[in-house]
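First chain A sits with chain B, and in the next complex the same chain sits with chain C.
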Partner chain A sequence: MTGRQTIIPFGPQHPVLPEPIHLDLVVEDERVVSAIPSIGYVHRGLESLVDRREYQDFVFLAERICGICSFTHSSTFCQGIEGLMGIQIPQRAAYLRTMWGEYSRLHSHLLWLGLFADSLGFESLFYQAWKIRESILDEMEATTGGRVIQGVCKVGGVRRDVANSFLSGMDDRLDEIEDNMKDLTNVFLNDYTLKKRLVGKGVLSKDDAYYLGAAGPTARGSGLDMDIRSTGYLAYGDVGFKPVVEKGGDGYARCAVRCRELFQSVEIIRRVITDMPEGDVFTPVKGNPDGEYFSRSEQPRGEVIHYLKGNGTKNLAQFRVRTPTLTNIPPLVSILAGCELADVPQIVLTIDPCIGCMER
Partner chain B sequence: MSSASKSPWLLHYNASSCNGCDIEILAALTPVYDVERFGIINTGNPAHADIFVVTGGVNEQNKAVLKNIYDQIPEPKVVVAVGICASSGGVFRECYNISGGVDTIIPVDVYVPGCSVRPEALIEGIVKALGVLEEKRAAMEAKK
Partner chain C sequence: MNMKIDSVEAADVQKIAGTMRSGGYRLVVMTCTPADEGYYITYSFEKETDLRHYRIAVAEGTTIPSIGSSYGGAFVYENEIHDLYGFTFEGMSLDFGGTFIKTSVPYPFKKKEQPAPTVTVVKEAKE
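Up next is the complex of A and B:
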C-alpha cells in the first residue's frame, strides 16, 4: 500500500445508477477508505406544495414522490388523513390497498433484481427479471389503469373496485408468475459467479444496522426483525404476516431477503384475493383535517413515515416524509469503507437506493 | 441514411424526476417493448450517445450537470424531453427548486407527454428524434 489517497467521483450520472446520487470515493490503491455522499440532485421541494394544494388533491402529489413506490406513498398519505379525521375505510378498500401494495412490492423487487444483475454485468438476467416484471405491470394496469403511477387511492378508500371474476382469474396467472420467479431467484441465490461476487461483500453487522438506523431489507438482511407490516395495518393483521429475516448481513443476504419476499408477496396476494370482503370501496369524506398524525407503512425499501399536521382548513399546515433510502445512507457509507473499488456499484445497489423518494 | 439514424445510442439522465419515467425508459429497452433488437442501446458514456433522453423538471443542483453532459455529447445530437415534468415542470412546476422544464437549460427537439410516460409514447418520441437526427446530419454534411 502506498498510503497515497485519491478521490474518485462516482455519479451523479453513472451507468449503474438510474438516478443521480454523488459519492466521493477516497481510495488507496484499489481499496476504498471512505465514501462521502452528496445528495440533492432530485430535490424538488414537493412537501412545500401542501399549502397550495387541497388535501384531497395532494394524494396525487404524494403518489409522485417516487415512481417506484408510488402506490405505497399514496396509501400512506391517505392513511394519515384518515387517521387525522377519524375515518374508518371499508374492509374491501383495505384489502384492495393491501393487494396493490404487494403488487408494487413485487414490481419493485423485480426491478431491483434486474438492476442489480446489470450492476454485476449480468445483462441477460437483467432482461429476464424485467420480463417477469412486465406481467406484474399488466396486472396493475388491468386493475388500476396505470402502469407505474396508478392514481387509485383516495381519502376514504380507493377509486376503483375490481370485479370478483377478475380476482379469481388472478390465481392462475400468479402461478405462472411464481414459476418464472422460481427460475429467476434460483440464479440469484445459487449461481457460482454471483455468489462469488456477493457472499461476504459489504457486511453490515446486526448492531451497526440497528445503531445506524437501517430499514427494510437492508435491516432484515442483517438479522433485524423490523417490518411495519407486523403491526397489522390494512389487511396485514388478517393474513398472518411474518417478516423475512436473513442473518448474513452481506450483499447475498440482502439479495436473499428480497428474493424470499417475492414469494411472500405472492402468498399475501393469494390470501387477500381469497378472503376479499364484499361491500363498498370508499366512504364519503366531509370536513377538514385537524391535529397531528404519524402515518407509517412498509415500502418495498423499508419503513416510510408521513408526518401530517392539519389546521382545520383544506390545506395541511405541514407535511414531512421520512423515507427508507435516507436512513439507509449511513449504513451504506459504513459498508463502503474498506471495500474494493470494483465492488462499489453492486454494494451501492444492495441497499436499493431510491433517490426520488429520498429527496422528494 | 447513416447507421446512427437506424440504431442510435441513448444517454439517459434523471434531472429531478420522480423515477416513474426513468423506469419506463428502461422498460422500453427490456423485453416486451424491446427496442434493443434494433440496436438502440442505453449507453452510460456521453461521448457515445446520439440521443439525450432527459426526465424531470431540472432542479438547481442539476442545471450544471445537465449542461455539462449536453456539451460532452458530439454533434449531431438530439435532446428528447421525456414526461410532462421534463416538458414543462408538470405537477412540480410551482416547487421552489424546479426550473420548469429541460428547455430552460438546453435546447429540446422532441417533447414526449405523459405522467408517467408510456413506453409506446416514448418509442414514438425516439422515432421522431431519428428524423431530427437525420436532418441535423444532412445540415452538417451540407456545410462541409
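Up next is the complex of A and C:
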C-alpha cells in the first residue's frame, strides 16, 4: 500500500550527529523518497579573515577550520603558500608532515569507528576504538605538544623536530597499536549485527560516486581509485603509496576502506620513521606570496582544496576552502533516496560528515 | 599541478560542462572570488591527473547558467555562492532559494565599501 508523503526533520540535533546538519526527509510509509539537506549552523566565515591576518599567522587559523583534520588543514595551507613562493621544504620536514598526517588519519578513522559503534548502541566497541585513539593522541602530544590542535606546521617546514631515539620508540609502540586495531577491525568487519546494519545499505554506484563528486573513503568504497596521496606530495612518492579500494559501494565497503586504511597508515608511518632523512626541518622564508595556487591534500575524509591568491603583500588577497564533506553531500542525498527510515542515521554516518570543517 | 586558468564567457559554461562530462571529467570545485571589477567564478574539472580550470568574470547581480544538468553535485557550490555572494544560478538541480547556508547577514562575502572591523569596541551605556 502506498502512503502519502510526509516530511520528517532529521537534525540539526540528533543522537548520532556530533555536529549539526539538517535533513528534510520526504518519506512514504517507512521509505525515504528524497532528502533535502541544509547547512550553515556553524558557519564562521573563517576564509574572510585572510585579509586581516598575515599569511604566516593565518596558518593557525587554517588549522582551526576543523578539530579533527586540523593538522592537514595547516599542512595544506602551508603547502599552498610554499607553492606560491616556490619554496622547497627540507626532506625531513616533508617526512614529519607525512607522519603527522597519517597519525591524524588514524585518530580520525578511530574516532569514526567509535562513533559508528555508539550509534548502534555497541558501547564496549565504542570504548575500545577510543581507547586505541587515546594512544594515537598521546603520540601526537609527545611529538607536537598538542592533542587536537598541533600548531606544528609553519611556512617553510615544521616548528619541531623529533629525536631519532624517540622515533624508534614510536615504531615499537606501533606494534601494540596495530595488534589492538586488528581485534577492533575484526569486530567491525565480521560481527553479525554490524554487518546487518551495513551490508547493502546506502549503495552508491561507481558512476554516481564519480559524477556526484564523492571524495575519500566514500569514493574509494565505490570502487574509485581516487586518492591525492597517489600524486606523491610530501613523502608519499617515496613510500610506494597505493589507495585502498573496495567495490561494494555500500556502508560496509566504506567502513572496510577505513579499517584497511588504519593498517596502511601504520605501514606508511613505519616506512617514514625508518627512512627519515637527517637535516633541517625549516627553510627560512623571505618575501610575500603572489599569484594563484590550488593546494590539494588527502584528509581522512577525502580531498581538501585550499585556493590561495596572493598580491605581493603580507596578507593574502583571497582564500577559499573546499572540504571533502561538502562534496560528499550530493552522494549522501543520492544514497538516502529509497532507503528505510530506520537506516538513515547509519547511512549518514558512513560518509563520516565533518560539519565544522565543511562550513569553515 | 596545472595552475593555468582559461577565461571563458559566462554563457558558455553549460557547454563546457557538457563537454567535460562527456569527456569523463569530474567536477572538482567551483570557486568564487572577488576581482578588481566584479567577481571571478572558477570551474575546476579533473580526469585522472589532468586538472583543468575555466574562469568566468561576472558583474554583481548577474544571473549565471547552472551546470547542474551535467553535474548533479554542482548544487552545493552554486547554492553556497548564491548564499555568500548573492549570485543567482539559473536551472540548478536543487535550488534552496537562499536557505542552504544560514548566515546572520545576507551575502556576507559580497564586496563591501568598508571592511568589517577586526575588533569591536563595546562602550558601556551611561545612564
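FYI, the second predicted complex is superposed on the first by the 359 of 360 C-alpha atoms of A that agree within 3 Å, B and C clash if a C-alpha of one lies under 4 Å from a C-alpha of the other, contacts with A are read in each partner's own complex, and residues count from 1 in each chain.
Definition applied: a residue touches a chain if its C-beta (ideal position, glycine included) is under 8 Å from a C-beta of that chain, and two chains touch if they have at least 3 such contacts.
Quick caveat, the model's predicted, so the values are computed rather than measured.
Once chain A of one complex is fitted onto chain A of the other, the partner contacts of A:247 are absent, as it touches neither chain B nor chain C.
Of the two partner chains placed by the overlay, chain B and chain C both lie in contact with A:52. By the touch criterion stated above, A:126 is placed in contact with chain B alone, chain C being left untouched.
Contacts of A:356 after superposition: chain B is touched, whereas chain C is not reached. Contact with chain C, but none with chain B, is seen for A:212 once the two complexes are overlaid on the shared chain. With both structures placed on the common chain, the touch criterion links A:331 to chain C but leaves chain B unconnected. When both complexes are overlaid on chain A, the residue A:41 reaches chain B and chain C alike.
Once the two complexes are laid over each other on the shared chain, residue contacts for A:60 go to chain B alone; chain C is not touched. Contacts of A:196 after superposition: neither chain B nor chain C is touched.
In the superposition on chain A, the residues of chain A contacted by chain B and by chain C overlap at 40-41, 43, 45, 48, 52.
Within the complex, the chain C residues that touch chain A are 1, 3, 5, 21, 26-29, 31-34, 42, 44, 49, 51, 53, 71-73, 75-76, 80, 83, 94, 96, 99-103, 108-109, 115-116, 118. Listing the residues of chain A that touch chain B in their complex gives 12-16, 18-20, 40-46, 48-49, 52, 60-61, 64-68, 70, 111, 114, 126-127, 130-131, 133-134, 137, 147-149, 354-357. Chain contact summary for the complex, chain A toward chain C: residues 36, 38-41, 43, 45, 47-48, 51-52, 83, 210-213, 231, 291-294, 296, 303, 305, 307, 309, 318, 320, 322, 326-327, 329-331, 333-334, 359.
By the touch rule above, chain B contacts chain A in their complex via residues 12-24, 26-27, 30-32, 43-46, 56-57, 59, 61-62, 65, 69, 91-92, 94-98, 115-116, 118.
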